[in-house]
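Pasting a structure below so you can have a look.
By written order: A, B and C. Residues from 1 in each chain.
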Amino acid sequence: MSQSMYEIIKHLFPICRSITGPGIQKSLLYFEKLVPNFKRIKFKSGSKVFDWKIPKEWHVKNGYISGLNKKKYAEFKKNNLHLLNFSRPIKKRVSRKELFKHLYTLKKQPNSIPYVTSYYKKNWGFCMTENQKKKLREKFYDVLIDSKFKSGNLHLSHAVFKGKSKKEIFFSSYLCHPSMANNELSGPAVLIKLAEYIKNKKKLNFTYRFVLLPETIGSICYINKFKESLKKNMICGFNLSCVGDDKAYSHIESRSGNTLADISLEEALKGKKNVKRYSFLRRGSDERQYCSPGVDLPVCGFSRSKYGEFPEYHTSKDNLNFISKNGLKNSFEVMRSIIDTFEKNYYWNSFPKSNILCEPNLGKRNLYPTVSQKKNYGNLNLRMDLIAYSDGKKNLIEISRIIKQPLNKIFSELKLLKKNKIISIAK
Amino acid sequence: MSQSMYEIIKHLFPICRSITGPGIQKSLLYFEKLVPNFKRIKFKSGSKVFDWKIPKEWHVKNGYISGLNKKKYAEFKKNNLHLLNFSRPIKKRVSRKELFKHLYTLKKQPNSIPYVTSYYKKNWGFCMTENQKKKLREKFYDVLIDSKFKSGNLHLSHAVFKGKSKKEIFFSSYLCHPSMANNELSGPAVLIKLAEYIKNKKKLNFTYRFVLLPETIGSICYINKFKESLKKNMICGFNLSCVGDDKAYSHIESRSGNTLADISLEEALKGKKNVKRYSFLRRGSDERQYCSPGVDLPVCGFSRSKYGEFPEYHTSKDNLNFISKNGLKNSFEVMRSIIDTFEKNYYWNSFPKSNILCEPNLGKRNLYPTVSQKKNYGNLNLRMDLIAYSDGKKNLIEISRIIKQPLNKIFSELKLLKKNKIISIAK
Amino acid sequence: MSQSMYEIIKHLFPICRSITGPGIQKSLLYFEKLVPNFKRIKFKSGSKVFDWKIPKEWHVKNGYISGLNKKKYAEFKKNNLHLLNFSRPIKKRVSRKELFKHLYTLKKQPNSIPYVTSYYKKNWGFCMTENQKKKLREKFYDVLIDSKFKSGNLHLSHAVFKGKSKKEIFFSSYLCHPSMANNELSGPAVLIKLAEYIKNKKKLNFTYRFVLLPETIGSICYINKFKESLKKNMICGFNLSCVGDDKAYSHIESRSGNTLADISLEEALKGKKNVKRYSFLRRGSDERQYCSPGVDLPVCGFSRSKYGEFPEYHTSKDNLNFISKNGLKNSFEVMRSIIDTFEKNYYWNSFPKSNILCEPNLGKRNLYPTVSQKKNYGNLNLRMDLIAYSDGKKNLIEISRIIKQPLNKIFSELKLLKKNKIISIAK
């Protein structure tokens, strides 16, 4: 895969996606070509999944408002956010008053087109900026929405990479949003790079599962189909959403807040600047389904600036300028570090133990200065503290919390101390 | 009962009560007429209760200090607080110096008469304002206290309303204080209204017990007589004191701080302004007896401005102006809401459980907007959160704490979700 | 023993000690004369203890830097801190540049000589003030260090006072530092006074063990020799270091932070001003060995201003002016109060229980005022609270924490209440 995450997003940005229809199908196909392990799964229109019914496919070609002088407004072809997503077809002359009932704007962000949907109730509408709306002063307008609902399928795509253990690490993101960059092309872009990273590993200790789907109805379908297997094998899962900016690192807790996913993410974010932790009460993406009562999967959410917390969210301002290559890369690195930790198998079931009673003589091993002076020993504190707590009873997560050092620093120190036969690892 | 709580207090205010004698007997009779379920219980003077001996009845007719020019001071007939409560009789000419040994004032509140008692050691004395005391400049004064100690009984009154379950909810207040309004005619007034409320209920799931007694010695007598039954059946109890003002809501914890009484009161006060929680170290009323080691009843204290925390406390300024109809009503409502919660039996042994895997489709039930926009969904968060935590393993108190919503809001939401078959209640 | 702690320190201050050699041997002898129960233990040079090898004895006679004009600098005979402690012998003319590689100063404390050591790697060097160093402007200097390493022994000294129980309370301090007062002659001085205090007790419920040794290597030797017995019997131990000033009270936690030593020290320091609690991450003295994994002794550190936290630490400014008689006395008192608490056997296995149901009538026993007024009852709250929590289920430490009163106040109150038969002690 030669494309960068940013290029992937740039390529997919113009497509008008929705929860069903050609937009998401085409987008899924693009990812399946990047990592061919991804396989399509389809759910028939009209079939029942738990409390929901699969909607028909939405096909849309055109849409606009036209003044009597033929001037066009809210043109779908200029920005697909202009259409109420999943809008029913309409071709009609309407009064300004009636039109306004079907217009969506954001008064407080007068230059942004909002992203609005109506999946489960037939409706029509246009979204535009507050300032654009103010220009609509004629008495009548012609509205056109050239859309169709066709029986077909809801599509999603997933890939499973088997490891030595059946225990699974799970990554999920969604692909139903039209032209917005951070929410949500950043999640799929990071996810596909993680899949590629796993694909290229020679040896896997754990099994990895990746899913790309339409939000809500997609994860409900996926849970409906794979519930038993997911519940049996998943030990840790992440919902990736809004991972393309570089402002914060956000952890949206699982329902219990203390799954292995929460612990892993907490550890991975240690030492980062601007880490924000949100309780499950602040949820908003597919963790809502994965953590619902009776489903109870160990999934937490990972975002940079969390959905709903940045003004560009769900507007036309969430564009290619809002995200950055660096933001995407750093998000990838957080998830990759979790994978690495799992693969090293150090994370939660390794219990370091000092081989030596009392403190070891580090000076004779060149691991400590031989002249003892009054000064700050800096990183040597980590060394001494790691030894001091390596009592064979605490795993690395616990030690990391006690000595207040990030796991990655502890890992490299541990390697050194193992090499010097000061510490052994009991499992 | 046509009288309002405020009228009850106004009627009883002038009476000179003490822990024994005609004042408290007359006051108890008044309550027994309001709710005839109340029955009198008597304890003979001189009999032993635990570490204490029942004092004789105190009968008082008159009392004052008189200057040699016949000018009277500290006249009992003008304000019964002027007498040291439970004072022995005296009629004597005394020097100013000797008189001053028997005068009680408050230097820091020079216009307030303090309330002072001496129940268990024979003593005589007068209480007056600091400013009144300053006017006593003659060399000799005649003091008169026309009181008598007679063998008789300590009186208290109680009412038990039997419900389906023998498990009891308990309310206690005290009636031994002379002319003060908040401390303590407010407690008995609220208590009698609660008794009336229970009396008028057609069906009771729980048993309710109400007691009106003299403070300390009264609750000790009551415990002495009913200890086994109280310990066997009481699941929750409240000592009502100083519930007539409208400034704060105070929770004085039981000894352990985590009885069902504490939990119930905490829940009932959620969302109120100016809630204050005091540890048992700040106790001061009959919870001292109910929670004593070996007695261990699940009783906490409920006050508005807590005794000892407002300057008018135990002075002549705790008068009919200090309390308010609104204050009394709001105190009643807090206790009533606890009763209602118990009667609904939802409180601690109901475990709501979602009937649906993954989130339900609320839009199709008109319980959620079908157009999805970027905005604050306000109360709908409560709906979604209640569903999200209805896993059949958490009771309503736990859910209320997790989702940070008061129980009353949760109750009405729960009703709606049950009606819509989204949630069931497991017991 | 007629010497005060201050006099002991003053007497020993001039001696040049190190971890081996005549300085520490002479100093140990002095303590052995003060309390003859102390016995010497020797460890042969070159023998192995855990990860370490006992160094040879260091004998030093003289040392200085001499300019070509014969002016001397960094003279050992003027202040033994001028020599790098454990320096190898040297007699040589060296360039200014080479000399400077062997000079140790403190740039930020330009008038203090630092204390620097090099025990396990042969090295030579001088310590001086930054301002002294600035005067060294000649091109060549003659350096002389007249020291020798001789095969011999590492010396330490200990005393065990047997009590009724084999369970031990342990005190350790170290004596390897040259001319510094607080760190570390204060610890040995307080320790010897505690040993004397124990020696003079007619009856001991517990066994007490005291050790004086060179830091690090000494405690490692001691653990090596007595590990089984220490692990079997020690219930509580303290490492005394920097206990001679009067500024703060510092508690350096044991590794777990909740041993009986931690609890005892926490209780003993309650009510003191300027108490500082440091986690084991801030350790720095022999608790490093006593609490190391696999050794796991219940030892915490006690200091006044903690080592490393005051600027005079490990410099020539840690002199006889830095410590005070009052500081030493107050440190002694803290440790003595812990001993007393153990000897009273009240500490952790006594469960006070009220003999009386409901509150006792304290007035009739003259333990409470008989006239009840509105005022602050001060210490009487302690009395009432102690009774209220004496339910036979909480030990005195728990009660002390609940009622927020120091144990010593609780002890005297308890005595009074026992005498009045209000409370009994269950064990």
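Going forward, contacts are C-beta pairs under 8 Å (C-beta built on N, C-alpha and C of every residue); 3 or more make two chains touch, one makes a residue touch a chain.
Fair warning: this is a prediction, and the values are worked out from it, not measured in the lab.
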Mind checking the rotation angle between the two copies, subunit B and subunit C? C-alpha superposition, nearest 5 degrees is fine. 120
Interface overlap for subunit A and subunit C, more than half of numbers shared or less than half: same or different? different
Centroid from C-alpha atoms only, then distance subunit A to subunit C, rounded to Å. What do you get? 55
Numbers and ranges of subunit A residues touching at least 2 other chains: none
Applying the document's contact rule, which stretches of subunit C touch subunit A when the two form their complex? 50-52, 84, 104, 106, 114-121, 123, 125, 216, 219-220, 223-224, 227, 255, 280-281, 283, 288-289, 291-296, 308, 313-315
Please give the residue numbers of subunit A that touch subunit C in the complex, ascending. 353-354, 356-361, 363-364, 370-374, 381, 385, 387-392, 402-404
